[in-house]
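Several structures are given next for inspection.
Look at the two complexes coming up: subunit A is in both, with subunit B in one and subunit C in the other.
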Partner chain A sequence: MTQATYNGLLNLAAGAFLLAAVMIVWRREIQATVKLLAWQGLALAAIPLTEGIYQDDGALILVGVVVLLLRAVVLPLLLARAVGTEAHERRESAPLVNTTTSLLITAGLTILAYAVTRPIIALDPSPATRAVPAAFAVILIAVFLMVSRRRAVSQAVGFMMLDNGIAATAFLITAGVPFIVELGASLDVLFAVLVLGLLTGHMRRTFGDTDLDQLSELRG
Partner chain B sequence: MSFFLLVPILAPLAAAALAAALGWRRLTSFVTVLAALLILISSAVLGFNTGSGARFAIGNLLRADALTVTMLIVIGTVGTLATWAGVGYIDAELVHGHTDRKGANLYGVLVPIFLAAMALAVLANNIGVMWVAIEATTVATAFLVGHRRTRAALEATWKYVVICSVGIALAFLGTVLLYFASLHAGASSGDALNIDVLLAQGNQLDPAVTRLAAGLLLLGYGTKAGLVPFHTWLADAHSQAPAPVSALMSGVLLSVAFSVLLRVKSVVDLAVGIGFLRTGLLIVGLLTLLIAALLLVVQTDFKRMLAYSSMENMGLVAVAAAAGTRLAIAALLLHVLAHGIAKTLVFLGSGQLQAAHRSTRISDVTGVLARSRIIGVTFLVGLAVLLGLPPFAMFASELSISRALADANLGWALGAALLFVVIAFAAIVRNGSRMILGPPDPGSPAITVPRSVAGALVTGVILSVALGLTVGPLLELFQTAATLLGGTQ
Partner chain C sequence: MSAADVSTTHATAILATLLQVLAVLAGAPLVVGGMRQIRARLEGRAGGGIGQPWRDLRKQLRKQQITPLGTTAVFALAPAVVAGSTLLIAAILPLIALGSPLDPAADLFGVVGLLFLGTVALTLAGLDTGTAFGGMGSSREITIAALVEPTILLAVFALSVPGQSANLAAIVSATANNPGQLVSPGSLLAFVALAIVIIAETGRLPVDNPSTHLELTMIHEAMVLEYAGPKLALVEWASAMRLTVLLGLMANLFLPWGIAGPDPSLLAVLIGFVAIAVKIAVLAGVLAAGEVFTAKLRLFRIPELLAGSFLLALLAVTASYFFATPTN
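Presenting the complex of A and B:
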């Protein structure tokens, strides 16, 4: 792989990664957002795969394959199952902020991400770190998504996006974090699915559905 | 010696395995108490052997210094009291039908895992491993908060999981950035996050990236420590969890998360000077104090009142850490220990009140002292400690924190903090005296106290009084820890 192809692929992956986040803000149907999350997982996996092939690093390629399976296939399927069991008419999530404003805020957050990450690029101006602003933008957008959506499943989508953004940052700036922390990151995913999955199951049995508006007994 | 670094992690894990195999029984519950006691014993052994240096085990994976020993003492003491009381508490819940066999078994397994995770968080030499341990505490406690499976308990669990996951994710991002900075300062990829390596080359870390990392770590671990802006899970989780778990979360988990911040601070201060995290800690500390004081004034629920009192104390601890002098950090550690024991007393007491009244409203509870000598006295002692009244230990710690703030030329912060503490004081005195003193309402239910809860409460009262009378050998330990953490003066 030539330097130019490597740069091009890396930028393409980072761009697709950010685009998926913006699309998730734009689309309101939960099922569509879960599908987009799978595409985002694919873009995320492309980062370690590209770097692994460019550097001829077998371990990194392996990590990329695992990420591909986990974030583009397994996790979205599990989330889709949580959505799929809900009543049909309840799939629409009513956001607290309307779509136009949300997209404008997303644009603002992306600019903010570029400002915040300047020290990282200054310390190590490589093609990989130059893509870090896209990953940071996804992190900020994910936090915004979590505070502006009401359904429990939408919050789970936001959390997974946050996780994706952090994983992308880790891949871009360190070419993989030490083994022990990778372990933690995978535990994080496991936990997200176990706890979130169990809770949406439990909560649906107790509350009927998972609209967070109903979660208002504890105040003050 | 490395054996004693392993005991605090392995003993509770063994207790958890036993509980998983045999279920909730007298035997397994007391093995958990024994495991907590072993944490305390190991901390004593380590305390006498580490001195002012650090000890390592399993390569460089585990590390114990004076701060580790201090935090292990807090975990061991509160852990022993809470698990001891838990024996009678869960049996009573089973009798009254608040929980079932399955719930009790889950409690029996998760509580020791929770203890092991906290021990690992303070013993780890690697900031990445610390992060994994703090995350493990979230997983273990999520199901404990939802123990009663009511709507309110599930709501609290959901908020706890979502907010703490975001916090823990931000902390991870901060850890990754710190790793990036450490690599570029010349560390090898295997030990770039080791505390000893970071401390040795702290002044070579890139300041701009380290600032970004420090901000994220402050937000992330601040979430687990109950600090602004992600503090909103705290009152819900503390009020819904079973009383022994509330005691553990409030008395230990908050301060364990904060101790990780103290470690991070000692590294970050080397790279960017003390000004950056001082400003950050002052902002979150004072805002936490303000919010806690205001919410204490309008509180009508006694378990939530205790939760906001924890937030108030963590705010004060953050302000003390901002001062960062040797006196401030030594006082902060004493504050954390005294607060842990006192919070255990009042949360365990409030568990019995909740069981008797089937309610946690302050207005439902009157004349506790006249109805139950032991719960009344426990509450009085616990609240007196928390209010910072002499002769108890938090009087000394708050006085020292004030002096340290004045010495550090942070008079304005001291003034603001004192104002909020006084507001909180008045609110707690008003509500506490209504509940405990005075004649009971006719028709108040009888308060029953299981034997193991009574044992834990009496021991806790004795410890609180003893700690108020003399700090003894702990003083030297706290001062050593303060020096290690970069406290000057």
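Presenting the complex of A and C:
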């Protein structure tokens, strides 16, 4: 793989990664955001795979394959199962911030990410660190998504996106996390999503709804 | 190529510019007619034929001039301003050849300014009539224009980063010399953003329905409701020319092949003419075919779409500015 192809692929992966985050903010159908999350997982997995093939590093390619399986296939499938089947459960019907404002806030967060990651890029201006702002922007967007959505599954999507952003930042800055660390983090997320899926099911059975804003009182 | 190289204009370049303006004048109604015909065929209707807009224009131009009571010079001059600014854009843009004599004088920001001069003239004319529909159409048009203008500027700004110039000919020749940058994230995002705003600016589906006269949905048609006869013909002609010019701009920004150089031979001018005609025809066909499968967006969802395209344009700028490594 030449330097130019490596640059191009890395930029394309980082761009697609950020674009998926923006599309998740844009769409309101929960099923669609879960699908976009799978695409984001694919873009995330492309980062260690590209770096692994470029540096001829078998461990990094293995990490990439694990990330691909887990974040582009397993986790979105688990989340998709947690989405309710009723019509009012399938859409983020009344988000706390309307879509237009959310998109403009996302634009602001992206610029903020570029501003605050400048010192990190200045440390070692390589193609990988140049893409760090995109990963950092995804972290900020995910936090915003988690506080501005009502449905439990939407917030879980935000949480997954947060973790995707952190993983992408790690891949881009350190050029390869030790396999055992990545495995540990991925297992954590897997269990978190399993527990979230269970809790969502319980909530739906108990209250008939997964709007977290209604859970403001204690019940005896 | 810098702007200084272009300032020495050649006789064939002037010829190419003249040809460009005449072709936009004559071809714009055909583009609209072709799009209507494609829509009609796909919807199972016979359609009026490609020449129908030309026949409409001829009929309207022969009619008597009627001016509504109480309207001022703003109403009378608006069609001329729209048509004039659009023709000026047609002369500036590198559609057939790169070295337009007007090219050094007007960069992208000038072109966007001219585009919105026409929009503002029409909205003022809509307000000038004092009718409810005119005012409503103007208010809606300005709402959309206020979101479209920054998006166009940002999207083209993103495209001007690789060419390192806001001059249109410089951007187009930079893309033609280095086609690899077309698949970069910045230019892909800019393409999507620009496509959305061009659809919004020319009043096509899903933002506005060009063939409706239903008061709840129309935007552009509500503004020009009071025009009749030759002035209506001018307004419709100008809006067809805007569509043609913007499609041509889009085609040459992203697919600059076939365009003639700054000092073209007659054959190169001819090739450039055929190339741009084919590109515009294909783009218009795709747009018309896409419209068959699209429903009009609710008016209150339009700012959402445009804010999204603004965000895409912003991401395009950040991507082309920050991802670009200094080595290449």
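Here, the second predicted complex is superposed on the first by the 202 of 220 C-alpha atoms of A that agree within 3 Å, B and C clash if a C-alpha of one lies under 4 Å from a C-alpha of the other, contacts with A are read in each partner's own complex, and residues count from 1 in each chain.
The criterion applied here is as follows: a contact is a pair of C-beta atoms (placed from the backbone, for glycine too) under 8 Å apart; a residue touches a chain by one contact, two chains touch by 3 or more.
If you're wondering where the values come from, they're calculated on a predicted model, not measured in any experiment.
Chemist: Of the two partner chains, subunit B (first) and subunit C (second), which one does A:Arg130 touch, if any: first, second, both, or neither?
Modeler: Touch partner of A:Arg130: subunit C, not subunit B.
Chemist: Please determine whether it is subunit B or subunit C that touches the greater number of subunit A residues.
Modeler: Tallying touched residues of subunit A, the top partner is B.
Chemist: On the A-aligned overlay, A:Ala4 touches which partner chain: subunit B = first, subunit C = second, or both, or neither?
Modeler: second
Chemist: Touch test for A:Trp39: subunit B only (first), subunit C only (second), both, or neither?
Modeler: A:Trp39 contacts neither subunit B nor subunit C.
Chemist: Under the stated touch criterion, which partner chain does A:Ile111 make contact with: subunit B (first), subunit C (second), both, or neither?
Modeler: It touches subunit C, and subunit B stays clear.
Chemist: Okay, in this complex, where on subunit B does subunit A touch?
Modeler: 126, 128-129, 131-132, 135-136, 138-139, 142, 146, 149, 151-152, 154-159, 161-162, 165-166, 168-169, 172-173, 175-177, 179-181, 183-184, 189-190, 192-193, 206, 208-209, 211-212, 235-236, 239-240, 295, 298-301, 304
Chemist: Give every residue of subunit A touching subunit B within the complex, in rising order.
Modeler: Going through subunit A, the ones touching subunit B are 116, 118-120, 122-124, 139, 143, 146, 152, 155, 159, 162-163, 166, 169-170, 173-174, 177-178, 180-181, 183-185, 187-188, 191-192, 194-196, 199, 202-203, 206-207, 212, 215, 217-218, 220.
Chemist: Going by the contact rule set out above, which residues of subunit A touch subunit C in the complex?
Modeler: So the residues of subunit A in touch with subunit C come to 4, 7-8, 11-12, 14-16, 18-19, 22, 26, 98-100, 103-104, 106-107, 110-111, 114, 127, 130-131, 133-134.
Chemist: Touching residues of subunit C toward subunit A in the complex: what are they?
Modeler: These residues of subunit C touch subunit A: 180, 183-186, 188-189, 303-304, 307-308, 310-312, 314-315, 318-319, 322-323, 325, 328.
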